[in-house]
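Just below sit the structures, each encoded as structure tokens.
You will see two complexes here that share subunit A, one where it goes with subunit B and one where it goes with subunit C.
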Partner chain A sequence: MSGRHLLGVGDLGAEGIGEVLRLAETFEEVGRRPIPRVPALRGKTVVSTFFEESTRTRLSFELAAKRLSADLSTFSSASSSLKKGESLRDTVLTIEAMGVDAFVVRHACAGVPAQVAGWLSGEASVVNAGDGAHEHPTQALLDCYTLVRERRARFGAEPQRPLALAGLHVAIVGDIRHSRVARSCLLAFSALGASVTLVAPPTLLPPALEGWPVEVSHDLDALLPKCDVVYLLRLQNERMEGQFLPSPREYTATYGLTAERARLLGPSALVMHPGPVRRGVELAAEVADGPASLVTSQVASGVAVRMAVLYLLLGSGALVGA
Partner chain B sequence: MLVAGGTVVDQGGSRRADVLVKGEVVAEVGEGRALRAPAGADVLDASGCVVAPGLVDLHAHLREPGAEEAESIETGARAAALGGYTAVVAMPNTSPPADSAAVVRQVLQLAKGASCDVRPAGTITLGREGRVLSPMAELAALGVTLFTDDGTGVQDPGLMRRAMEYASVLGGVIADHCEDAYLVGAGVVNEGAVSSALGLPGRPAVAEEVMVLRDLALARLTGARLHLLHLSAAASVAAVRAATASGVQVTAEATPHHLALTQEWLAGYSTAFKVNPPLRTSADMMALRQGLSDGTIDVIATDHAPHPPEAKETSMCEAAPGMVGLETALAVSMTVLLDPPGSLSSPGRDNEAGQEHWTGLPLERLLAAMSWLPAKIAGLSALHGGPVAPGAPANLCVVDPARKWVVRPEKLASRSHNTPFAGQELTGKVRHTLLAGEPVVVAEEAQR
Partner chain C sequence: MGKRERALLRPGKFRGRVLVMDAGDVQRAVWRIAHEILERNRGTEGLVLVGLQSGGVWLAKELAKAVAAASGSEAGRAVPVGALDVAYYRDDIGLRPVLPVAATDVPVALDEAVVVLCDDVIFTGRTVRAALNALMDIGRPAAVQLAVMVDRGYRELPVRPDYVGKNLPTRRDEMVDVSSEGVMLGEVVDEVSAGGQS
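Presenting the complex of A and B:
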């Protein structure tokens, strides 16, 4: 990783992603030790600044920081700081003034991690932990990591470098329009050589896709037999009732990976989901728990991948003990 | 006072002429010959300059009463004078809004002694809530000539129809901020390639087009005078062009930022570029310029929208929309629109590609759009907008068309510094401004 920040997958490129994945492998081994901790970031201070609620991502980042022996603080504010009379910039600069090496930033509005990076006066790094419908780069990295690892474990597929997903056909299905995960994943998958097809009703696609490295389909059934990976997105409550979709029932019937529809998949096809899964809506329970599912494995990869990211951005010394 | 050495440009054309001012009026225009200053009279050096009727802005948010941390009538009027304006229509979305005689009187009171003539606009509906008509006849009796709920548009078409019918006999004009709230949703930037790449909710151009088409149909039905605020989309320009050709009484404005900037400037999530309606594509920008060139768009108006730093130093979704413009409007317009056209430093290829086809506007057309046409729309022609002739009120703007300067936000006289043109080199600067014969700006310095 060359830059000081991780704001989006575009900051990395295939080489950068590969670097994270290789390092994550090392850190996954650390996680299996009796004392899963290395002193790599001792003396470094990481602040998780979550302006939008999150349980899983925050926990995963915080575990990653702790396993690297960084000092960790948490700033959590679901409410807008503007309402309290303090600008977002003031909030960030106040935290910076306390002496911080990395900000892990989540915000409901796209662009905030980039804005924070622009406001900082010192040398602190910014890691995007999800911004609006823009990007969620560590989710995409852990998905790439999971996919490479599982394909090696299951099929003995050794990844080519740097295009670790060369030749794979990935379908990303669901609410692409409002999904930061979809944006980061399509960029990461295609950077690693996969061909990506977005599958969604027109209401849940971004308004303009010119220049995106993707195909678009509205026919999941026709696509499934050709897919190596089906990546399902969570359908948010507010999209299900309202003007984007008639009903969750109709969504499941058209775009859900039902047990019946899953039979259209080839024998080596894999199923992914960033979680939490709405069982029975975008993904049938028996498929989520079935042999093709990588859902649990994805969650398990999160800490090691985020350790790798924090280490690459902040680490100065050698990986003592790793 | 003698304004010496300049070239007078007004609706009568362009001619080398000194201008002698006595009291509040122009006493003599010495066409083709030098005038001598009477004993004791001041001389304002206008050599190399254009001497034009003072500019008139139909669209400035002066924020007073209610948001004095952003702007006051005093600071806004000073900014206006520095930008060459002698009259500014103050938008009524203050707090409380100008929906009553009391607030209009307050604005008029506060405007006494200001650096330019400040004319309050009134709201169309009480509280700008889009439900109940404001007392337009009472406001008109106080001199209000422009009615608008700007900030938002009047969404209810039935109410808008009644507003037009009611206003049609008051001698005023109904001015609408054209964006359909349903189509806009929570959008913050133009819907399209840039909003998709940035992951920001989009405000589609069609939200403006739909509202423009509705208003044009209602203006045709009611026979009312309609003014369309800050048009931003190519489709809107086409709709106005067709309506004008079929006899609808419509005028339209575009802002310097929509004429000079495109959505590509949002790529770095800079809230300085967040504005409603949003900056759009270069095709939209070029359609606005074309509209200005062929007269479909009558006026360049600033939509001067000051905000304090804390309102902008937040996320794109929460940041207040709008940008200041009074001190840069003429210079930006001269820089990008005049023949031969210059250009701003640009964030992307798209921006440059579109501009290749722009051949430029004559200075007279630019000044018409910023002075005498807006003066006519606001009913101010007796006082503002020229012509520069003996007996006419001496509201004048003296601008050096060759003067290059760099926009430094902290140097702006406006209380707020939220300009999207920070660091840009512009060509053209106001040297002097005369308000009713009194020099309120001399040698680029405010005198009040």
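Presenting the complex of A and C:
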């Protein structure tokens, strides 16, 4: 990792992603020990600042910080001085003044983590834990990690390749337009050598995709037999009504991975979803719980991957002299 | 100290000056240490050899082979071997780049085991301190012993090896390179002058 912050997948590059995946493997081993904690970040302070609700991202970042022996403070916007009218900038600078080494930032607006990084005057790092429709880099990293590990476990060791996902075809299906996960994942997957196709109704695609390393399709059935990985996105409630979709049922009929449609997949194809899964909408329950599904494995990778990110930013000294 | 660690500590290229032990010397030291381990522990019962990443891993494997072969009536009984990476337990995190070489791999439970930590060189003793802390998070061994191929002095912590291949007086700025091929004393030179020499 070259910079002090992790604001997007682009901060890492293929080499940086590879280093995160390599360290995540060592931290996964730590997680299997009777005492799953290492003293690597003793004396460092991590504050989790979530201005938007989250279950898995927040919990796994907090567990990651604790398992690295960092001190952890938790900021909750609902019970903070933001409610009294304090600005976001003043809130951040107040926290910084207390002596913090890393901010883990989640916000409903794109660009807030970059904004926070710009406000800080000291040495603290900022980790983007999801900002609006922009990026969610640690989700993409844990998806890459899960995919590489599961493919190795299922199909045996692959020959050493410069890029871990070279030659794979990944379809990202769903609400691309509003999805930070889709942006981070397509950048990470393609950085590791995969070719990515976005599949969505035209209303749920971004207005422009020029310059993005992707293809676009509206025909999921035609694509499925060629896919090594189908990555489904959550369809949010507020998108189901209004101008984006005629009805949830029509979405499921055309773009949902139903049990019937899942039969079109090849024998070694894998199914991923960042969660929370809306069973029966974008992903049928039988498929989510079936052998091709990596959904729970994705969640299980979260802590190890976030430990790797925090250690690379705060402990490894990879930044010494940079 | 592993190669990677040395490279991080003092970037540059190792240039050997004196061959202190050749491959035969190293092999004979492995055999002697294996017999000492058997004598002290009265057999292989409960024994686990754990090599420190990266320089100690080959030594643990060699010692395991030698111990199994030398244990006579118990011949054929394999001695479990593990590899421990102590990066996350080091006391110089933040002072210099510290990255693990590989995931720790200890295939057996360490509770009530006799663990012999194996490393190529003992120098300050700080790596061994880190290894002891790491071991205690993995299990509660009945005893921990320490085997090294080279003891080069300059201890900064009260740590003493139980089994030593060779005591080697060194200058503090020298480097020792250990492998099954031999032990070489030399120094690290920066890449530019190394390039000029070779």
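Simple rule for what comes next: the second predicted complex is superposed on the first by the 303 of 322 C-alpha atoms of A that agree within 3 Å, B and C clash if a C-alpha of one lies under 4 Å from a C-alpha of the other, contacts with A are read in each partner's own complex, and residues count from 1 in each chain.
The definition used in the following text is that a residue touches a chain if its C-beta (ideal position, glycine included) is under 8 Å from a C-beta of that chain, and two chains touch if they have at least 3 such contacts.
These numbers were taken from a predicted model, which means no experiment stands behind them.
By the document's definition of touching, neither partner reaches A:Ala164: not subunit B, not subunit C. Residue contacts after overlaying the shared chain place A:Val38 against subunit C, while subunit B stays out of touching range.
With both complexes superposed, B is the one of subunit B and subunit C in contact with more subunit A residues. Contact with neither subunit B nor subunit C is seen for A:Ala129 once the two complexes are overlaid on the shared chain. Within the superposed three-chain model, A:Gln115 lies in touch with subunit B and out of touch with subunit C [touch as defined at top].
By the touch criterion stated above, subunit B contacts subunit A in their complex at residues 191-193, 195-202, 204, 268-269, 271, 309-311, 313-318. Subunit A contributes residues 80-82, 85-90, 107-112, 114-115, 118-119, 131-135, 180, 183, 206-212 to its touches with subunit B in the complex. On subunit A, the positions that touch subunit C within their shared complex are 23, 25-26, 28-30, 33-35, 37-41, 68, 311, 315-318, 320.
On the subunit C side of its complex with subunit A, the touching residues are 85, 87-89, 93-100, 102-105, 133-134, 136-139.
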